[in-house]
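Next, two complexes with chain A in common: one pairs it with chain B, the other with chain C.
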Partner chain A sequence: MSATRIVITGMGAVTGFGFEWQTLWEKMLGAEHCVRPWQPQDLQDNEFPVRYAAPVDMTLLPGHLQNHPAWTLPLEKRSRFGWVAASQAVADSGLNPGQLREAAVLCASGAPQHMLADMLLTQAPDGAAPDWQHLMARAAEVSAEGSLRQANDRLARVIADDLGCEGPVINISSACAGASQAIGNAFRMIRRGEVDVAVAGGADSVLNLDTMAALYLLGAASGEQRWGADLCRPFDRDRSGLIAGEGGGFVVLESLEHALARGATPYAEVLGYGSSLDAYKVTAPQPEGRGAALAMQAALDDAGLQPQQIDLINAHGTSTPLNDVAETLAIKQVFGRHKHFQTLAVSANKSQFGHLIAAAGAPECIVTALACLNDLVTPTVNLHEADERCDLDYCAGQAVSRRVDYALSNSFGFGGLNTSLALGKYREHGQ
Partner chain B sequence: MTSATARIAIAGSGCVLPTGWGVEGFWSAAREGRSAIAPLQTPLFHSERIAAFGQINDATHQRSRQDVAQNLQRYCPPAVIWGVSAARQALAEAGVEPGRDGLRYGLYCCQGGYTHPSVASYGELLQESRTDNAADMNRLARQVLQERALDPFLVLKSLSNGLLGVVSLALKLECECNAYMQGVAGNLAALRQAHSALQSGRIDVAIVVGAGSELDPLALAALAEAGVIGTDGSRQMLAFDRKGSGGIAGEGAAALVLRRAADLPPEPQTCLTALFAHPRLDALSLPDKQVDLLISSATGTAHKDADLARTLARTGAAHITSSTALTGILSGAPSLVDLILARQMLQAQSIAPIAGLTQPVDTHLPFVSGEPRDAVLHDCLVINRDDNGFSACYQLDLQADD
Partner chain C sequence: MNRPLYINAAAVLNAAGSECADLLGTPPVPQPLTFDLQRKALALPVPRLASDLFDRKIQRSVEPQGLRLLHCAARLAPALAALQLPAARIALTAAIPEVDAPSPCWDAVQAILEQPHKQLSQLLANTPPLHALTLLNSSVMAYVAEALNCHGPMGGFCSQDNAGLDALIEACQQIAERHADAALVVSSSPNLTPALYLREPDLADEPVYGEGAAALLLSSKPLQDATQVLRVAGFARGYSADPQRTLAVGKRVIERALSKEKLCVGDVANLVANPADRQLMSLFESTPQCLRSVSAMTGELGASGLLTEVAMTLHHSREAGAVPGYTLLVSHGRAGHWGALLLASENLEKYA
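Our next item is the complex of A and B:
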C-alpha cells in the first residue's frame, strides 16, 4: 500500500434516467427504473423477441447540454454519451484546463455499434467480391456515426482532445468490467505517482439489431414478457436475463494532495482495486463464484481492509440465472466467516437503469461513492421473491438509510474477467 | 527484491507473424532483411491499389491452431488464435507453467483497433436480405433469429477482450488481468501495468500478449483514408527510404513473459528499464545518455519517415534499425514485436538491417542496411509511433546478474 490517497472529485453519468448524476441518484433512491418497451430501430414488424431496454431518452436533455459538440460531430452513440458524461464529470470537479493538462484519460467503450445496413454497402450487387473502386466508393457512403468508420479508441481520443489532456490516453477493453477496470487502472496510475489527475469511465450502447440478436441467441438477454417493464429482477427467482441499457459514466480521480491544494471536496475515497479471471467459460461465470471471490479479496487486500469492515457491496447483479447465484456464492466465500455478514448490504443497480455493458461499472461506482457520502443504499428493485440460493440482504424494494464506511463495487464480464473496486467514506485524516 | 527499483527482465517471448510461427523464424527473416510482405490474397475484395499485406499464411495459422483447444476456437477470430499460440511459446521459453509452479501470474492483453466483425461474416446474410438499394431488415432479423443465420458467437468474437478471455481459458489463468485496445498505446499500457505489478511484488510472472488483424475491406479502407497505408499498388514497404510511397498493413501476434531479474538464474538478462510516452512524438521524453541501438517503427512514407528521423537523431544512437518493413504495420503487437527484436539483437550482439533500405531519408543517421552488423550492444531504445501521433519509448539493457 502506498501513502498516496486517491479521491473522487467529479462525477458524470448519462443513463436512461437523464444526463446528470444528481437525477440518477434521486430516481434511484425513489426506487424508480427507466426500463421501457424497445424494438430495434431498423424493424417495423414489432416481432423482435427482446422487448425491453433502458435507452437514453433525448427528450430529457437539459438546456445547458444541448449545444455540447457531442451531439453534432460524427460519432457513434456510445461516444456521444461518454463524451457528455466525461465533460460533466470534469465540470463537476471544478478542474480548470491548466490542471487538466497532465491528466490521464482512461476509457472503456465496449464493442462497436454494428450497422448491418452499412455493411451492405460494401457488397457488390451480384454477390461477387467487390473491387477496390466499388469498395471505396461505397465506403464513402458508410455512416460517419457508425463503428465502421471509427476506431475503437475514438471516444478516449475525443475526450482527451476536448479537455486538453496530454497525459496517457488508455483504451480499456474488458467487456462488462471495462469501466471498472478503467477506474481501477486510473487509481493505480495515481497511486504510482504517474499522474495526479485522471478522467476514467466508460460508455456503451448495444441497442442495435445485430448485437441484441447475438446476446439473445447466446441466452444472455431476456425475452421475458410476463413482468412487462419490471422484468429485470436481480436475485429474484423469476429473473430471466439481462436488460440492456445505454449511456456512459465518468469520474475524476485525483490524489488527495492535489484535490485539497485546489480546494476540492472529495465525494469518496478509492481504496483498492482487484481483478481476476475465471478461466472457466467464455459465456458463463464459474458457478461457485471463484473468480469473483478472488477479485473481491484482491480489492480488499489492495485497500488494506478486512472483510468485516465492508458495509455495502454494489453487486454486478445482472438478473441472469447464472450470475446472481455465482455472485452470491462469491460474496459468501469472502464474507461468510464473519458475523457482520448477516448485516452486509448488497444492492444491484441494473434493474434501475439496465446493463450498460462496458460502461456499467462507472455509474455503479458513482452510486457506491454516493452511498458512502450519504449513508444511503439504493434498492434492488423488482426483487420480490429471492431465489432460494440467493439469501443475502439485497435491500429489496426501497432505499435504506445505513452507515456506509466502506463498500465494494463489482463488475464481471464475458470471457470470465472480474473486477472489484474498494471505496470508502472520505475522511480528512485517513481511513 | 520487490520495489519500484526491481529490474524487470524479458524471460520469454513468442510470436505468430507474417514471417512465420515463432521467434526463430522472425529473427532469421530480420537478419536476412527478408520482408514477409506479400501480394494480398483475400476473397473479400479485389484491389490494384492495395496489393500487398503482411499476411499470416495458412501453414502458420494451422500451426497456431494446434495451440488452441477445438472447443475454444469457435470463439476466436484468427488473431486470438495467434495470440494464444504466441503466449504458449513465451511461457515455454520462460520455463513457467501456470497452475503448476506456485507462482502468481498477471495477464495483460492488447487487441488491434478495428474489432468489428469482418464483412465476410455477414456477407451471405446480407446478400440474402438485399433489396434494390438496401436490406430488408425485417427479413434479416427473421433469418438471424429463426434460422440462426448469424453466428451467435459473433458478438463474442468482436469483443476486444476476446484475447484476454481465451488466453485465460487456454492457459487456465485465474490471475489479475487487464485488457487494452489499439496499437502502441495499448501495448504501452499493458507493458506498464505488467512492469508495475512485478515491481510491486503483487505477481511473480507477467504475460503480455498483443494480437490483431486489419484484413478486412472496411478496416483497410479506413487505414487508406487515414493515410496510414498507401494506395499506389506498391508491393514493398520501404522504411526510412526516400522512395517510400506509403505503409502496408500487417497482422499477427506477439507475447512476452516478464519476470523480476532477481528471480531468474544468474545469467545476463535483457531488462526493460524504462517506459516513456507522450501524445506527440516531438515531446517524447528520451534518455539522457546515448544508446548503442535504436529500433523505430516506420510509416513507409518518405516525408513522414524523414520527420520521424529528426526525433531519432535526438537519441544519438550508434545504430538504427526497424522491423516495420518485415511484417507491415501491426495493430495489435507493434511494441511487443520490437521488444522481441531488441532482445534478439542484444543477445546475439548483432543488428538486423532494415529490409529493402537503399536510399535513407537522412544519410547522416546510422541506419543499418544490407547485411546484419555485429556490434557490442549494451542497451537499446525502441520508439513506436501510432498514426495519431501517440508515441512510446522503451529502454532495454543487457544486464549481468548482481
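Our next item is the complex of A and C:
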C-alpha cells in the first residue's frame, strides 16, 4: 500500500440525542440512551406492534441550524438529517469552498420512504382494482417528499450541489453496511490518489409505517414491551430484536498532507477497510460469523495491523438473537491468538441511539474515532445478563477509561454484506 | 493500478435479446406504457431463473429488476467456476436500481382501499414478510453471492446512470489492490414504473427508457485460450449539476481516464457515447472516432447502460478481424454524473 495517510478532520452527527456530535458523545459517556415510546405518524390508535424507537427530536434543534435549507426544500426525512450532518462535518473541518471543489461525496441513504397516501392514489374512481394509470392521472397530488419524487441518490447530490463538490458523487446501497462502505470507499479513493478530500457517511429513517411493518413482519424489529424503553439489549440473554433509530452521520476525510497544509487538526486516522459476503442466507447471518470474521481480517490486513494491536471493537451489536452470537464468534476467530479477545473492549452503540440502518456505520465510526482520541470507550447499555454464548468484555453499563490506539468499527448488512473499518489514534509521526 | 484487469465474460438482457449479437439487429419498436399510453418504452417480460442455482421462492419474491440482474449473473456462473478460485477471493459489486415504486406490496394497498378503517390490520395481514427484502434493494447481492459462492469483498451502488461505473471501478480496485482475484459486476435497469417519470417531470427531451440488465466477470488473468483480451486501461468520474461547470467537469473526467495510458482523445479508435447528448458530443467535435452506442436497441438502461456497452465492446473485440485498439466509453447522466472508462483490446502475445 502507498504511504498516503488518511485522517478524519470533520464530523457531524444527527441522532436521537440531538444535532451535534459533541452532544452525542457526552450523552453516550453518561450511559444515556434516547430510545422512547414511538408509533407511526400515520396511525391514530396506539396499536402498532413496534412500540419503541430512537427518533430524532426536533425540539433539540439548535438555533444555528434552524435556517438550514434542509428543513424547507422538498426532501425525504433521511435526506434532511443527512444534509445537516454533512454540513456540520464540513463546518467542523474548516474546509472552504475552494478546497472542496474536487472533493468526493459518498453517501448511503437506505430505502426510499413510500407514502401510503401516494399508493392510495392508484384507487380507481369506479372501485375497480388499483392501477398506476390512476396515479399518473393524479400526478399533481403525489407527495414531493416521498419515494415517487425523490431519487435514491438525492442526498448525495444535494450535498454535492450545496458544497460545490465536483469529484465523484456516489450513492451506496449495501443495507446496514452502507455508511461504513461509503467511508471505506472514500478512504481508498484518497489512498490511491483519486481525490484528496471526501465527505462520506449516510443518513436513514425507517420510522414510517411501511418500512417498520416490513421489518416487524420479517422478525427483525422487536415488539417486546417487557423492558419498556430499555429493550435494546445487545449481547444480553433477553435481547429481542433491533430497535430502529434515525438520523445521519458524516465525516470529512483528507490525506494527512492536505490536512496539515491547511492547518487542520485530525481527530483520528483511518487505517484500513475490509468487506465480505456471507453468501449464506438472505435473512440470517452465517451462524459461525464466517463473513464477519473475513471482513475484520480484511480490515486488519489492509491496515497492516496484527489482531493483538486492536484495543476496541465498536460492534455491529444489533440486539438481535442471531447477530450478537455470530459477531462474538467472529471476534473470537480473528482475535483467538493468545486469547486476545479476552482483553479487548467491545462496545455496542445501538443500545444508546438505536439502529440507524443504512446510516449506522457513520455515527459509530465517529464514536470509534472519539474513543481513539480520548481513550474513552462508550458503554453497552441495558446489558445486565449476558447470553452465555456472548462472553466478551462488552463494557456493560458505563463508559470505560482505557488506552485506545487501534480500533475496528463493524457494520454488517442484511443479507450478509459485511464491512469493518480500522481506525487509529492520530500520531504526528505515523503508526 | 498495479495489476492488469481483464474483462473475461459478459451477459446481457434487454429488449433486443439476451446475446450481444442481438444488439446488432433491427431496433425494437418502443411500445406504449400500460400506465401511461402517451409514453413509450422498451419493456421486458420477467425472466425465469435457473432453478439449479436459485431457490424457487426467489422467483416469486424478487422484483423484476432484481430477477433480470440475477438472470445475467447466473449466466456467468460457468466462467466464474472455470477460474477455480477460493470463494473468499471473488468480489461482488453491484449497480442496483432504485427500489420499485410505488411499493410493490399491492395486496396490502388493495386491502387498505377496501377497508380503510382497518389500515394497520390490513397492512400487516397482507404484507408478505419478504416484502422487507424488496425495500432493501441490496438483497439481490445476497442472492448472487449465495448462488455463485462469492465470499470476497463487496460493494453496492445506486447512483443512477453512473452506478454501473461505480460498481466496475470498485471491482477493478479490489482486484488491483489484491483484495480479490476476480469480480462479478452485476447491474440492472429500474423497472418501468411511475417513479421513473415522476422524479424528473420537467424533462424537456424525455428518453425512451428500457428494461435490461448486464453482468461482467473481471479477473487479473485473461481466459485460458484467449487470443484477444479486453483490458481495463483507465477510468474517472465526476459530477456537476451546474450548467456553467458541467462541460469542464466532463472534459476533466475524460482526460483523467486517458491519463494512465498517456493518451489524448485522438488516440482512441472507438468512442461509445449517447449521440443524442449534445453536451457530451460537443467534447468530441473535432475527433474522428468511430462512434458506437446500443441505446437505440435497448432504450435508456440507467444503472445497467454502461455495463451493456462494455459487454458489447467485449463482443466486438472478439469478432473475426477485430483490430486491437482503445475504446473510450463516456457517460453523462441527466442528474450531473460524468463517467469515463478506457478499454484496450489487445493481442494476447503482448502478455505471453
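Following the convention adopted for this analysis, the second predicted complex is superposed on the first by the 417 of 431 C-alpha atoms of A that agree within 3 Å, B and C clash if a C-alpha of one lies under 4 Å from a C-alpha of the other, contacts with A are read in each partner's own complex, and residues count from 1 in each chain.
Note that in this section contacts are C-beta pairs under 8 Å (C-beta built on N, C-alpha and C of every residue); 3 or more make two chains touch, one makes a residue touch a chain.
The model shown is predicted, which means the values in this text are computed figures rather than measured ones.
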Check your understanding: Put the two structures on top of each other at chain A: do chain B and chain C fit, or clash?
Key -> clash
Practice item. With the two complexes superposed on chain A, say which partner A:48 touches: chain B (first), chain C (second), both, or neither. Key: both
Exercise for review: Applying the touch criterion given at the start, work out whether A:131 contacts chain B, chain C, both or neither, answering first, second, both or neither.
Suggested key: both
Check your understanding: Touching A:292 in the superposition: chain B (first), chain C (second), both, neither?
Key -> neither
Review point. Given the touch rule stated above, what does A:173 touch, chain B (first), chain C (second), both, or neither?
Key: both
Check your understanding: After lining up the shared chain so the two structures overlap, which partner does A:277 touch, if you call chain B first and chain C second: first, second, both or neither?
Key -> both
Review point. Both chain B and chain C contact which residues of chain A?
Key: 42-43, 45, 47-49, 111-112, 114, 116, 119-120, 122-123, 129-132, 135-136, 139, 142, 147-149, 151-153, 157, 160, 166, 168-175, 178, 181, 185, 188, 192, 209-211, 213-218, 274-283, 290-291, 294, 298, 413-417
Study note, to complete from the structure: In the complex, the residues of chain B that touch chain A are 43-50, 72, 75, 107, 111, 113-117, 119, 122-123, 126-127, 129-130, 134-135, 137-138, 140-142, 144-145, 148, 150, 152-156, 158-162, 164-166, 168-169, 171-182, 185-186, 188-189, 193, 196, 217-218, 221-222, 224-225, 277-280, 283, 388, 390
Exercise for review: Note which residues of chain A are touching chain C in the complex, please.
Suggested key: 1, 42-43, 45, 47-49, 105, 111-112, 114, 116, 118-120, 122-123, 129-133, 135-136, 139, 142, 147-153, 156-157, 160-161, 165-175, 178, 181, 185, 188, 192, 209-211, 213-220, 274-283, 290-291, 294, 298, 302, 413-418
**Study point:** Footprint of chain B on chain A - complex, ascending
**Key:** 40, 42-45, 47-49, 111-112, 114, 116-117, 119-120, 122-123, 125, 127, 129-132, 135-136, 139, 142, 147-149, 151-153, 157, 160, 166, 168-175, 178, 181, 185, 188, 192, 209-211, 213-218, 274-283, 290-291, 294, 298, 413-417
Review point. Across the complex, what residues on chain C touch chain A?
Key: 34-36, 87-88, 92, 94, 96, 98-99, 101-103, 105-106, 109-110, 112-113, 119-120, 123-124, 127-133, 135-139, 141-143, 145-146, 149-160, 162-163, 166, 170, 173, 177, 179, 193-195, 197-199, 201, 237-242, 245, 249, 335-337
